[in-house]
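Both complexes below contain subunit A, partnered by subunit B and then by subunit C.
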Partner chain A sequence: MSTSAITPVPLGRRLKRFMADRPLVPLIILLVILVVILQILRPGIVNERWIANTIKFAIPLAILAGCQTMTMLTGGIDLSVGTVATMSAFIMATQIVSQDPAVAFLLAMMPAVLIGLVNGIGVGVFRVHPLIMTLGTSLIGTGCLQVYQRTVIASGAKIPDFLAWLGTGVTYGFPNALLLFVPLAALIVFTLARTGFGRLLYAVGDNERATRLSGVQYWQVITALYVTSSMLAGITGLLYIGLIKAPSLSLAEPLVLPSVAAAVIGGTSIFGGRGGYTGTIIGALILTVLTTLLTILQMPEGARRILFGLIVLFVTAAYLRIVEER
Partner chain B sequence: MTTSPLLDATGVAKNYGAVAALRNASLSVLPGEVHALMGANGAGKSTLVKILTGAISANAGRILIRGEARDIRSPAAARRAGLLPVYQEPSLIPDLDVLSNLRLTGTPVEPFRAWVRELGIADLDLRDSARDIPLAVLRVLDLARALAVEPDVLLLDEMTAALPANLAEKVLEVVRRQGDAGRAVIFISHRFVEIAALCDRATVLRDGETVGVVDIVPGVEEEIVELMLGTRIEKAKVAARSVSEKAASAPARPRITVKNLRVGIKLSDVSFDLADGEVAGVVALEGQGQDELFAALAGSIRPSGGTIEVDGQAVKFSHPIDAIRSGIAYVPGDRSEALAMQRSVRENIALPFSAALRNWGPIHMRKERATVQSAIQRLQIDTRAQGEVQRLSGGNQQKVTIARWIAADARTILCFDPTRGIDVGTKQEIYKLLRELAGHGKSVLFYTSELEEVQRVCDRVIVIFGGRLVDIFRVEEADESALMRAAYGLPRGAKADIGILADPQSPSSGTTP
Partner chain C sequence: MNHFLRRQGWVSGLFALLIVLFIVTKLIQPGYGSGDFGSLARAVLPYAFAVAAQTVVVIAGGIDLSVAAMMALTSVTAASMMAGASEEYALFVVPFVLAMGFVLGALNGLLIVVTRVPDIVVTLAMLFVLQGAALLVLGAPGGAAAEWLKAMISGTVPIPGLPDAIDAWLPKALLVLIVCLCVIWVPLRRSRLGLSIYAIGSSELAAFRSGVPVARTRIIAYALSGLFAAMGGLALTMSTGIGAPIPGPYLLASVAAVVLGGVALGGGKGGLLGPIVAVFVLRLVRTDLTLLAIDPNVTAIIEGLIMVAVVMFGAFITMRGRQ
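This part shows the complex of A and B:
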C-alpha cells in the first residue's frame, strides 16, 4: 500500500534512531539525571566546589579509562595501568627526596615505558592474550615495587609541590588538573579520529586479517599502543599522588576495574573496532558521581558495592540496547 | 533394471533467500553400484550432499530409502537411515585420541581396526590424539570409521584429495569392493581418471538441476563435460577488451616471473609470468592449489621453494607489506577477510595509506577525501550506507575491496574470485574495470570459479590441476568446453598433450586401474 509510506514513524522509534546516531546524548542525559537525584537527596550539595571536586576525582579515572578505550578498540585490555600508575607515583614520591625533579620524573616514568614495552611485545609478537599479559606484568610490577620499597624505606617520601598543586589546586573555580587533562584528552580524541595510528587501532580491532592484507604490521601497532597506554598510566599516577597525597603500594589499584567500566559505559566495545574517547570521559564522570551518590546514601560498604555493580551492569546493557540498531 | 534403488531422491530443491541453490535435483543409487556425482563449481553438489546427510533440510523434494519415504532432519537421522558421509575436512576431534573419537560416535572398535589395516595403515595406535596424526591418515580413518558401521549408502566427498598415491589406491580398491558387496557408494570427485576406474554411473548436476545420468564407458568424458556446460549461448566479449588488445600483445618484460614455485604439498613446480597490461586468468577447480598460489604472491604465506621475481628482481615476501611495496595487491575472494566491517567506506579504502609506520601521523583529510572519492567514482560504489561497510550489498563491498587498491595505485592486482556471490550488473562492472586496468598498463592475475568469465576478461589462461600447472594458452585458443576440460585435467583438444594428469598412466594420478 502506498499509504503506509507516509505513516509517521512512532515517537519511540524516532527517539531511538536519534540516540543511535548520537550515542553521547543518552550518556549525558544519564549524567544529568544522577546529578539531579543527588541534588534531591541532599539539597544544595551541587555547587561550584562540588563540581570542581568531582572533576578532580574523575580526571585520573578518565585518563586510565583512556588507556582502556584505546586498548579495547584493538580487542585488548590493559589491566597493568593500576600497577604502572602506582609505581610511577611511588617512585616519584621517594626519589624526589634526593633527586632533581626532572631526574625523579624520568625515573618514575621508566617502569611505565618498560611494562608497556613488555605488554606490547607479549601481545603483539607472542600473541599472549592481553588480559593475561597485562595481569602478569601487573603482578610482576607490584612485586618489584615491594622490593623497591625496602631499599628506600629509610629515605622517606614527600609529595612534590607541583604535583600537589596540579592534583588538588583550583584556580578561578577550575581544577588545575584540567591543565593536564584538556590537552591530553584533545590529543587522544584527535589521535583516534584523525591520525593513521588511530585508524589502525579501530581497523586492527575490527578485522586483523584485513589490516594484514593491507600491509599493516600488527606487532608495531600493538607495541606502540601498549607503550602509549602505559605512559598515560604513569602520568596518571603522578597526578593521582598529587591528589591523594599518601603514597602506598596499592595507590591506583582501585581505579583499574572502574576504568574498564567507564570505557564500556562510554560505548567502547570490548570486542574491538567501535567506541571513542568522548563517551569514555562521560563514563568516568558518571561513575564518579555514582560513587558520591552511593556514599551519601550511608549504606554499608557491602551493599554499596553490590549496588554499584548492579548499576554498572544495568547502564551498560541499557545503553547497548539504545545505541545498537536491531 | 529390476532391482529397486537403495536411495532415490527426486525433485529436491533448496532456496537461500532469493537464490536457488537447487532447483530440481534427483539422484538414484542402485544397490551394488559406485555412483559418481558431478557438476561444475556452484552446480549444487554440496547442497545436495548436505540435504542427503541431514545437515540442511530441503524446501521441496522426496527422498526414498529402500523404497520408503524418509524425512532426514538431522545427521543422526541420516545415520539411522543407513546414509553415512565422509567429508573433505577431517571429522575427528583433534584433542581426543582415536579411541575416544570412536566411542563418541559409537563406532565398534574391532571392525574399525580391521578396516584401517585393510586401507593400508599398519601401525595405528588408537591412543594417539587425532591432532598428531597426519592429514592423509585422518581422512583414511574417517573412511574406516564410516565403513565400520556398515552403512547402506556411503557418501564420499573428494575422498582421494590430499592422499598420497599408495593410500589413494587402497581407498579406491576398498570403495570398489563396497559396491561388489551390494552396498552403494556415492562418489564425488573432480578426477575423471578415478571416476572412470571406479564408477558405474554418474549423475551430472548443472545450475541446481540434474541434467543427466550416464553410464561410465570409455569416452564418456566428453559427454559429461557437455552436460556440465549445457548449451550455453556464446556471449559477446566485453567491449573494452579490444581496446587493450594491442597493449597486451606487445612484447613486454614480464612484470612478475614465477619459477618452480612450491607451497607445502598443495602446490608444486609452478612457473609462469605475468606481463604489464595483461589479465591472466587462473583456471582451476576448487582446492587445486590456487589459494596457495595467490597467498604466496601476496606475501601471506611463505613458499617452500622456487622463486618470485618482480620486474626482474628476485623477491622474498615475509608479510603482505613486502608484496604491497612491490606494487602487488591482493583482493581475497572472501570479502569478510578484506574489510573492517564496522568502519566506513572511506576508512576501508584508505586503510593501506596508514599501514606504514611513517604514515601514522595526522591524516591529510582533504587529500584523502579526494583520493577516496575518485576511487569511489571510478568503481561507482553506492555510498548511501557508507557509514559502515557491513550495511553495503555484497557487490558494493567487493567494489570497496578493489577500490582500495585503485586508490593506492597498485601495479599488479591479484583478484581471487572477485565475482563470487554478487549480482550480474556488478559483475559486468568488475569485468570492465579489470580490462581498463590492463589497458592502463597494470597487470591482473584473476582466478574465477566461473569459466565464462575467463573468456570475457582474460588474455591468457593458466590452468592448475592437482597443485601443478598443467597448461598455459592464449584465451582465443580455447572455448568454454575446452577450458572446462582443461580444468578437469583432460587434454585441451588434439594438439595439447602436456597435461600430465590427462595421462591415465601417470603416477601422480595414483589411480592406474
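This part shows the complex of A and C:
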C-alpha cells in the first residue's frame, strides 16, 4: 500500500478545481475586490445610497445583457437591442403627451416586436448571420426613429411619472426597478434552466444539426428567441428613460457593447451552448462598479476607455482559463 | 468565359448593378459628370480601406470590430503630428502611421491567439482601448495635413496622350485606392501566406493538420487589417485636412460591404474586388437618393433595407445551391 495514493491534492489545484466547478465564485470575488478597492480609494463611499444607485444603473445593462446571453446560447448575438430600447423609450416619451398610457405602451412595444420578428425570420429562415441581421435592422430602426422624430418635434416629450418612479425611485433603500428586474431575472433563469424552450436554446447552440435532425423546428425556436430578446430590450428602454429622464435618439446605444461584454464576462460562450443568466447579472454589476471606479479615479476620458477595454479583456481571458481547467 | 462567370458570378452581378446605378444616376441628373465621379471616389476612399481591413480578417475566419476605432486613432495621430510641421516631415509621418496600424493590428491578432478569447470579444475590447487612445492623442477634432498629401487625392491624373475628356474620369483618389490595394493584395493573393489565410478561414483544423502555421497566419491577417485601417485613417486626414477622435460609421459600413461583396462571414471565401465594388454601389445609392432629394433619414432606412435584403437574398441563394 503506497502512501502516494492518499497524498492530498495541492491546495492551489484544489482551489482551481473548486472555482472551475462553481464559475460564479471567482466572479463574485472579483466584484467584492472591486468594491473594496473603491472603498479604499474613497473611504465611506460604499453606503446604502451608493449600493442602491449602482443597482439602479446595473439593471438596464443586466436586462440587455440577458438578451445577449440568450441569443449567444444559440451561437447568435443581438446588436439591435440598443436601437430597440431607444425606440421604445423615445416613442413612449413622445406618445404619452397625447395618448393614454396603455396605448402609448403598446405603441412603444410595437417596433420591438416588429424588429424582433424580422431578426428572427432573417436568422432562422434565411440563415443570415445574426451579427449582420441585427446590425441591419438596427440601422433601419435608427432611420425610422429619425423620420419619426420629425413628426413629433412640435408636440414635445415628457417622462411618465410611473416610469420615473420605477427608474429612479428608492423604497426602504431598495430601488424600485428591482420590482421589475427580480421577476424578470427569475423568469429568464427559470426559462433557461427548467423549461423546454431553454433547453432547446442550449441544444441549438451546442449542435444545431443534431437538434434539427431530432425534429426541432429551428426557425420557430430562433424566431421566438429574437422576439423575446427584442421585447426585453423594449422594456429596458422604458426603464432606462425613467432613469435617464432625457429622451434622445442615441439613448441606449452606449449600452450595446457593454451588454455583450457583461454576458461574456459572466461566462456565456459567444459560440453557443454554454453559459447562464446568473453569471451575466454579476457581469453587469462588475461593469457598473468598474465604471464608477474609473470615474472616481478622475482620469481623462481616453484613459478611462483604455482601462475599461483592457480590464474587460483581462477578466474574460482569466475567466476562460479558470473555467477551461476542467 | 462561362467558367469565369460562374466563379465570379457574385462580383460580375455587383459590377452590373454598379453600371445600372451609374445609368440611373445619369438619368436622374443629366449633368452628372466627371467632377461628381471624382467626389464619389474621394468619399469612397476611407470606406474602401475600412472594407479592405475587414475583408482580410473575415477571409481568415475572424471579425474585427476595432476597424473604425483604429482609423480614428491613426487619423488623429497623423493629423496631430503634421500640425505645424514642415511639408517634408509628412514623409516621415505616413510610414510611421502605417507601421503603427500594422503593429496595433498584430497586437489584436496576438491577443486573440494568446488569450484564446473569441475574436469578437478581443476586438471589442480593443475598440474601447483604441477609442480611448484616440481621445488622449487629440481631445477634439483638430490637427492638420500636409498640402502634398491633400493634393494627392484631389483632382485627376494627367496622362499624356489621352484626351482631357477621358482624363477627367480618372480621379487621383481612385488611382490611390487601386495602387494601395493592389500593392498589398495582389502579391498576397499569389503568395503562400495568402493561401494560408484562406486555409485557416476555410477550416482551421484542416489547415493546422496540413502544416499551416495557424497562429502566425492569424496574427499577420490582423496586422494587415491594421495596415489597411491605418491607410483608411490617413485617407480621412487627407480628405478632411484634420483628425477627429470619434470613430465614424465605418465599422457597420465595412461589415455590410464585406457581406454584400460576397465574402462569407465564417471565412475562406471571396476576394477583395467584390467588397470594394460593393462600397461603390452603397455610396452611389446614397448619392442617388440625395440627388432625388430624399430626406437623408429615409436614406438611412433604405440603405439598411438594401443591406438586409441583399444579405437575405445571398443566404437564400447559398441555401438553394446546397440542396
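Assume the second predicted complex is superposed on the first by the 322 of 326 C-alpha atoms of A that agree within 3 Å, B and C clash if a C-alpha of one lies under 4 Å from a C-alpha of the other, contacts with A are read in each partner's own complex, and residues count from 1 in each chain.
In this section, contacts are C-beta pairs under 8 Å (C-beta built on N, C-alpha and C of every residue); 3 or more make two chains touch, one makes a residue touch a chain.
All values derive from a computational prediction rather than experimental measurement.
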Partner chain in contact with A:274 - subunit B first, subunit C second, else both or neither: first
Touching partner for A:126 - first (subunit B), second (subunit C), both, neither: second
Contacts of A:243 with subunit B and subunit C, given as first, second, both or neither: neither
First (subunit B), second (subunit C), both or neither touched by A:62: neither
First, second, both or neither for A:147, with subunit B first and subunit C second: second
Contacts of A:313 with subunit B and subunit C, given as first, second, both or neither: second
Contacts of A:216 with subunit B and subunit C, given as first, second, both or neither: first
In the superposition, subunit B vs subunit C on subunit A residues touched: C
Set intersection of subunit A contacts, subunit C complex versus subunit B complex: none
Residues on subunit A engaged by subunit C in the complex (per definition of touch): 77, 118, 122, 126-129, 131-133, 135-137, 139-140, 142-144, 146-147, 150, 257, 260-261, 264, 269-271, 300-310, 312-313, 316-317, 320
Footprint of subunit A on subunit B - complex, ascending: 298, 300, 319-321, 324-325, 330, 332, 336-343, 347, 350-357, 359-363, 365, 404
Touching residues on subunit C, where the partner in the complex is subunit A: 63, 111, 115-118, 120-122, 124-129, 131-137, 139, 245, 252, 255-256, 259, 265-266, 295, 297-305, 307-308, 311-312, 315-316, 318-319
Sites on subunit A touched by subunit B in the complex: 190, 194-197, 199-200, 202-203, 206-207, 209-217, 220, 224, 273-274
